[in-house]
Amino acid sequence: MKKLINSPEDVVTEALQGMELAHPDLLKVHYHPHFITRAVPVKNKVAVISGGGSGHEPMHGGFVGRGMLDAACPGAVFTSPTPDQMEAATKAVAGEKGALLIVKNYTGDVMNFDLAAELVRAENIPIESVLINDDVAVEDSTWTAGRRGVGATVLAEKICGAAAEAGQSLAEVSALCQRVNGQARSMGMALTSCTVPHIGKPTFDLPADEMEIGVGIHGEPGRRRAKILPADGIVELLVDPILSDLPFKSGDEVLLFVNGLGGTPLIELYIVYRRAAQLLQKAGLKITRNLVGSYITSLEMAGTAITLLKLDSELTRLWDAPVLTPALRKGV
Amino acid sequence: MDAISSTHIERWLRDCANVFPAHKDELNELDAAIGDGDHGANMARGFAAIPSKLDALAGKEIDGLFRTTATTLISVVGGASGPLYGTFFLKAAAPAKGKLKLTLPEFCTCLDAGLAGIVGLGKAVVGDKTMVDVLTPALAALHPKNGDSLTGALERAVTTAREAAEATIPLLARKGRASYLGERSIGHKDPGATSSALLLEALLGAVQG
Amino acid sequence: MKKLINSPEDVVTEALQGMELAHPDLLKVHYHPHFITRAVPVKNKVAVISGGGSGHEPMHGGFVGRGMLDAACPGAVFTSPTPDQMEAATKAVAGEKGALLIVKNYTGDVMNFDLAAELVRAENIPIESVLINDDVAVEDSTWTAGRRGVGATVLAEKICGAAAEAGQSLAEVSALCQRVNGQARSMGMALTSCTVPHIGKPTFDLPADEMEIGVGIHGEPGRRRAKILPADGIVELLVDPILSDLPFKSGDEVLLFVNGLGGTPLIELYIVYRRAAQLLQKAGLKITRNLVGSYITSLEMAGTAITLLKLDSELTRLWDAPVLTPALRKGV
Amino acid sequence: MDAISSTHIERWLRDCANVFPAHKDELNELDAAIGDGDHGANMARGFAAIPSKLDALAGKEIDGLFRTTATTLISVVGGASGPLYGTFFLKAAAPAKGKLKLTLPEFCTCLDAGLAGIVGLGKAVVGDKTMVDVLTPALAALHPKNGDSLTGALERAVTTAREAAEATIPLLARKGRASYLGERSIGHKDPGATSSALLLEALLGAVQG
């Protein structure tokens, strides 16, 4: 295992200490239980809180700050955080207007956030949680765990954060979050596996000429394995199911998010963006906003995920609103 | 007929702090095949935290031992297994309220309540390739048959659990991360089913002393 | 070779097309010869121009925009651009106040920029070029190629871009660039090699338990090979030579830049930042500004490089000035 | 004594468009060991661009052939080798001004001027482990010894070049990227030295027809 870490047990805590040292102006890191809040919490608004396993940096801690999250709860690597982390984080940042928990749809995350929500409600803090489940690689059905939450999470955190900053109510912000989730679809692929520090070897083995199609963000294998294709062919495998799922229609204004999984350099992400943009234009979509970079990672996994969000004037305005976090900044 | 004492339960829970670290890699590997490779680490982290919490409760009521185990697992594990096993012990506590001893039927009532809690939380049914596939038949097998001993019943439950864990191999996962793999989940043993069997083995060992 | 590319020959051009499609509001990409300018060039100021081989993204194209570069010239992967690219870029963006060429000190880059400077002077465009050579892994001497230009390049481009935006003269901006270079030191290390697309296999082989200390940004092997250490030990190997070289003194205000080489995820960079910050504090330095992320990459190489810049009030003010580029944004 | 014609030169430069692509991988590998692995690609890209540029110049003055080669290499190659070989041909052009034929001494004057250009630009001295280590002795060896034929002189130059290229192996690089490796540059053949030897081999081949 080749990583810039000390001992596997300390990865999450030491990375948090690094964030704390790097961004004292933006963040405050709390330990035992671990959670991150803004350096100066703002209580006269709806608090937007998220969390999940570590190993996806900059998500979620890198999105804490003005115009985005009020708090983030990092679990162990690829393991959802515990209810007491979310309870502590919520109590630390939520005011009378309550808190929205943005939850990625994974069994563990859902159960832990549910338990946390119960604990918080017991304290009479108004709280809503919204599930993000945008991954079209997983077929949706009531008798399974359903679709995973992936790229749409970043977009929902930015947009809901802006709405909360603008004074919207808890009901409004959570309805907005549902709308973002409902209008977003994603799909990812991996060229390599990744190594969970405390395991020490790759989660799966992938031959030199093969790739995993339909991976999530926890190093899990994808829906299927295929021979590697040129980038253009790979992008088509990701974009087609996204387009047909919502479905997106000619004339739609969309935000195109090309995400890197951690080990893929930016030069490749732009080659992916190129083809994705060409395909969307062919389909008659208007890409009015975009995001290119590694914002939801699976440790050092090489690969990419594409997320498409159908925009409207409100979502666009909220996407454009000022944001000041370690990982996303604009307008300030 | 012999009963289960607070001492048995405490020994069981303390033993788990050895059992799960010892099976950490095995459970991680099973989870790596159809999940995210952390089930062993999650179980080891969770149960390793238990013994220190039990010191204050030595010889105390069984429901307290269960409740402490529940809250510890919930606050230390995370993932799916944390809330699930946490709920198992939380719900198992109620019927043991104030008790220092449980007859086998009483004990079965506790564990059945725990399983009901897991099902209520996780909504899994037998055949979904989860821990429920093991706990359901194994806890049924734990109920006393005419005139068998406590250890006899426990041995029956453990055998049933081991078989049920193996029986998850050919199944297609419908719950948890493994469900994301669809067809690819077939042919692998479910990690949570395996940890449930280990949990019952530990119980047998603790009662046998 | 596992990469999200089509054919090796098209990597640079297709990545440029992707940038063009992703950032039409910020960039204009010109082809044959290839160079990138701001979407709307501003001619009433000193033009700040840089360039170098591709494979270092976001450097340099990702730094073109208000408050930073006016133009960037991407060469083939790890190969300096040609004089005609720089000539065309300079003519496209330079006005009467002339142009500053920020050149990383590599034989090829220096020669090509020199030839370009000759061509441009022939057109009576005032032009200065400043060499960046901050890599302490290479010992400096007049009879060798001297030290490489690495991390300080990003800092110089930001600071000089801000000065040019503020109306400073060519003489002032180039003096400033020399000052930044003089007060900055860097050192890098690699956990893995990287694969140049048209070569198709890793530039060097590195055993699973070894690392390269003192690497540059072209996938070249480092100064020496060593057994892998925990992150804290690796960071000490990088920070110590940096501190002793300038030397940095107790009480100095510094900017700490922890750079990822392309294949290293952010969670590890924060673990590196943590230790680097601890060491600098021990040495009595005040980290008043910082930058953490993958800003100068070597394709998908896993590793990190640390750059330290001694600040003063002017450099700090210029670092804080608004910037609006694809890769760096603040204050706007 | 036989002279070098515009046709020879044109054939030489066109042949390079085959020679360097054919040796691309070899030169890349040499450069990967002590540089950044692109010397083969750079040379191949540069000389592959030459033939189309020469079409208009068939049978024309030698200085024009050299100048076109120079500007093409400079605008297509990049890296260190682009300006270096570009300057080589640029400086070689001047003494050939207006000539359709060059005697061997005249030709030597051209190439010596080219080498002087390389040294002026790159400041390398013999022993720095660069192309200069090959061109210096090889071009010296090209000067006519009493009564030897053109091909005899060229063969002498080529043999010298090959040996000089091998002789860069034990050297510690003081110029170019290889110098960043310090001691680690020892034990590898310099890619630019190797491409210079190939350049002279191509010349011999072109003259022999």
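First chain written, first letter: the chains are A, B, C and D, and each begins at residue 1.
Convention: contacts are C-beta pairs under 8 Å (C-beta built on N, C-alpha and C of every residue); 3 or more make two chains touch, one makes a residue touch a chain.
The structure presented is a predicted model; accordingly, all values stated were derived computationally and were not measured.
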Per Cα centroids, the chain farthest from subunit B: D
Centre-to-centre distance between subunit D and subunit B (centres being mean Cα positions), rounded to whole Å: 76
Separation of subunit A from subunit D, taking each centre as the mean of its C-alpha atoms, in whole Å: 55
Between subunit B and subunit A, distance of the C-alpha-averaged centres to the nearest whole Å: 32
Distance between the centres, which are taken as Cα means, of subunit C and subunit A, whole angstrom: 29
Chain-level touch network, classified as line, ring, star, complete or other: line
Pairs of chains, among all present, that meet the touch criterion: A-B, A-C, C-D
Touch list for subunit A against partner subunit C, complex: 2-7, 11, 14-19, 21-22, 54-55, 57-58, 62, 191-192, 208, 211, 228, 230-232, 234, 262-274, 277-278, 290, 292, 294, 297, 299-300, 302-304, 326, 329-332
Of subunit B, residues touching subunit A in the complex: 28, 32, 35-38, 41-42, 45, 74-84, 121-122, 174-177, 179-182, 184
Interfacial residue positions of subunit A with respect to subunit B in the complex: 33, 53, 75-84, 106-108, 111-112, 114-115, 137-139, 143-145, 148, 196, 198-199, 203-204, 216, 218-221, 223-224
